[in-house]
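Working notes for the structure below.
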């Protein structure tokens, strides 16, 4: 592996680059695939907002029928922002690691499975949010995000222990420690929202939207370039 | 960090490249994710063109039933061209910047949220364009594009002030100034179309299609390579 | 621009690489976006194959109801193979060019518009292929591919005249000439199929599937690496 | 092609890199396109889980109506995991090859065609899994995966014989041999599941899910970086 001939630094530089490039390509492809799944799941959410039927419009008028769709808009907004936040954190996590192993791929696959499932509870919540059994829809909706937060937590813990780039700068290690601290809040908060959904679906969903905004604003991590 | 040994230019060249490459990768991933969302939103539009029912065909024949779908075709065309124009400008904006920060990510996320929403007002307009309350559908449709033009304006202003590559050539700075001038027309024109949609839905939608074509033809920016 | 210091070839090599890399990135992004549109249009085709209703199954049994969907399968297959062939040629065309300009972007956008439209005539053909007015569905279906072949022809002619890499090897120029010759057959053949669709929808669709396979097998171009 | 001037190793290194980069780009684009198709097919699966109707909920309650959707969840899970496993193997296969030729592109296109078809038998199985004719749905579902396993087998055999990087390390060749041995089990096992689906749809589907998990856990190959 020692290609340093006659003390020429360029060769060393190139080799080092190409090695990083190889590892980057490996994680890059898994990230690219994950990104596509996130993007599609987010975009599919809009399909679940059904345009009002002609019968409904004949009775209430178009403007009022559209206004009556507010649970759909709210569910769309909450799910979109939540998946976007997951994507940002996922993307950021991939910026810290340089290699990928079997357990990580399992966790990542599980996370993608859960994310692609999100349009279903979103549509269910939109349809049944004003129904007497709205609590059941809220249970499933928030339960899904609770499981996602747990899956992400496992993914992050594993990555932070095993996959951190061996030559990570201390800046990155500080970032990682800071993130671990912040992520500690995710599952408990979603667990609280899940518990609340058995008491009041309205409050639990408001908390769910607040959590998405909180993680978007307060916990938006980005690599300093 | 100083790898310049014995004054070898190759090493300097490599380092400079790899630094740009790192920054490019950062913006490249956010752009790749955004591109996927744009592409899916554009492609989902066709799902909203519903094939005519057998009952309708039994009465009017297939050819006439297909002709009666003209509002769907027109809405599809207008939305497709508008999203394509947004994509071109978005892509072009990313070519001018080299780094990304928190506020930019918020604005970009908001823009993506609005773009993924477009298939809903498009389907609504196609369904209710010949209905007595067509104005409401036109309001929502053009209102959506008005909000998108505002979001894009904010994104561009922020990027042009804060994120322009520090070593941008004067050519790029001229381009940026030119774009700022051109973008000044976007929100007012969409605001005019929005106002017009309260008077005549037909005229407002014609204006909306004209705006898409105007920005496509007149304002198609591309980096000179 | 002359960085050749002390006759060191490495620097020259690096610069040349980075210049190509810049141009490649530009075309690469437009190609990546186009690829996403192609991939989604191909994958959305399956949504149009509707599973048989319980009423239908109660009368005819599940196996026979599934067999009765053969027009859907055939339309799915024909559209998939045709879009795949368009993608291969599109991808190959991008391998020959190094830069992109305004008219090329218009043509490419038009091609994407037409490709995203394909799921609609595909679903229409599947639904009405055994209807007395099946010819109308065949007209629209084959007419769409005729327009696509014309749009691709324009795209190719423009690219081959204006955008061929200035330092293209003679091998590439030979390939380009060969392709131009081959593409000459596309529009006339689809025009013939379109004309035939007014006489016999069955024959015209068989020809359409044959054309897709012909271009897939006979005309599959690939860059020799 | 001999650019080795004055015995400078840097130039040789760069050229070698750029050559690999060119070949990587070629396979990379086909892989990127395939990845998009895989991601979309996986994400579209959720659209087939239909939310319970208000009539059904009025009779059974929301919780029970959701529980009654278990065949949909199971079909979603099985199809998702199976496509994910195919993607992992596909991605891994592309890591071993450096070039692409016509027959490989045909096989890859056929594999993509089959993968995009998966949402249809998945929806069919979910809808008819408790129907007297459930065996027919299971036949089609498992039959689809049997054909996919055959298509992947052909793709792999062809690639392992013809497209292995000429300068593949012996480690890679060992990996390839090991994979060939493992893949020998795919088609026979799916053939067994297919046969079983004529006897008991429940057992055959359980076997199908087990196979997906077996290939996910036992046969998860990853390049050691």
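General observations
So that you can tell them apart, the chains are marked A, B, C and D in the order they are listed, and the count of residues begins at 1 in each.
Throughout what follows, a residue touches a chain if its C-beta (ideal position, glycine included) is under 8 Å from a C-beta of that chain, and two chains touch if they have at least 3 such contacts.
No experiment lies behind these values; they were computed from the predicted model shown.
Farthest chain from chain B (centres taken as the mean of C-alpha atoms): D. Counting the residue numbers that touch the partner chain, chain B and chain C have less than half of them in common. Centre-to-centre, using mean CA coordinates, chain A is 34 Å away from chain C. Chain A and chain D, compared by their mean Cα positions, are separated by 24 Å.
For chain B, residues that reach two or more other chains under the stated contact definition are 8, 10, 14, 32, 36, 40, 44, 47. Against chain B, in their complex, chain A makes its touches with residues 8-10, 13-14, 17, 24, 31-32, 35-36, 38-40, 42-47, 49, 51, 54, 57, 61-63, 66, 76-77, 80-81, 84, 87-88, 91, 216, 220, 222-223, 225.
Considering their complex, residues 3, 5-6, 8, 10-11, 14-15, 18, 22-23, 25-26, 29-30, 32-33, 36-37, 40-41, 44, 47, 99-102, 105-106, 109, 112-113, 116-120, 123-124, 127-128, 131, 133, 136-137, 140 of chain B touch chain A.
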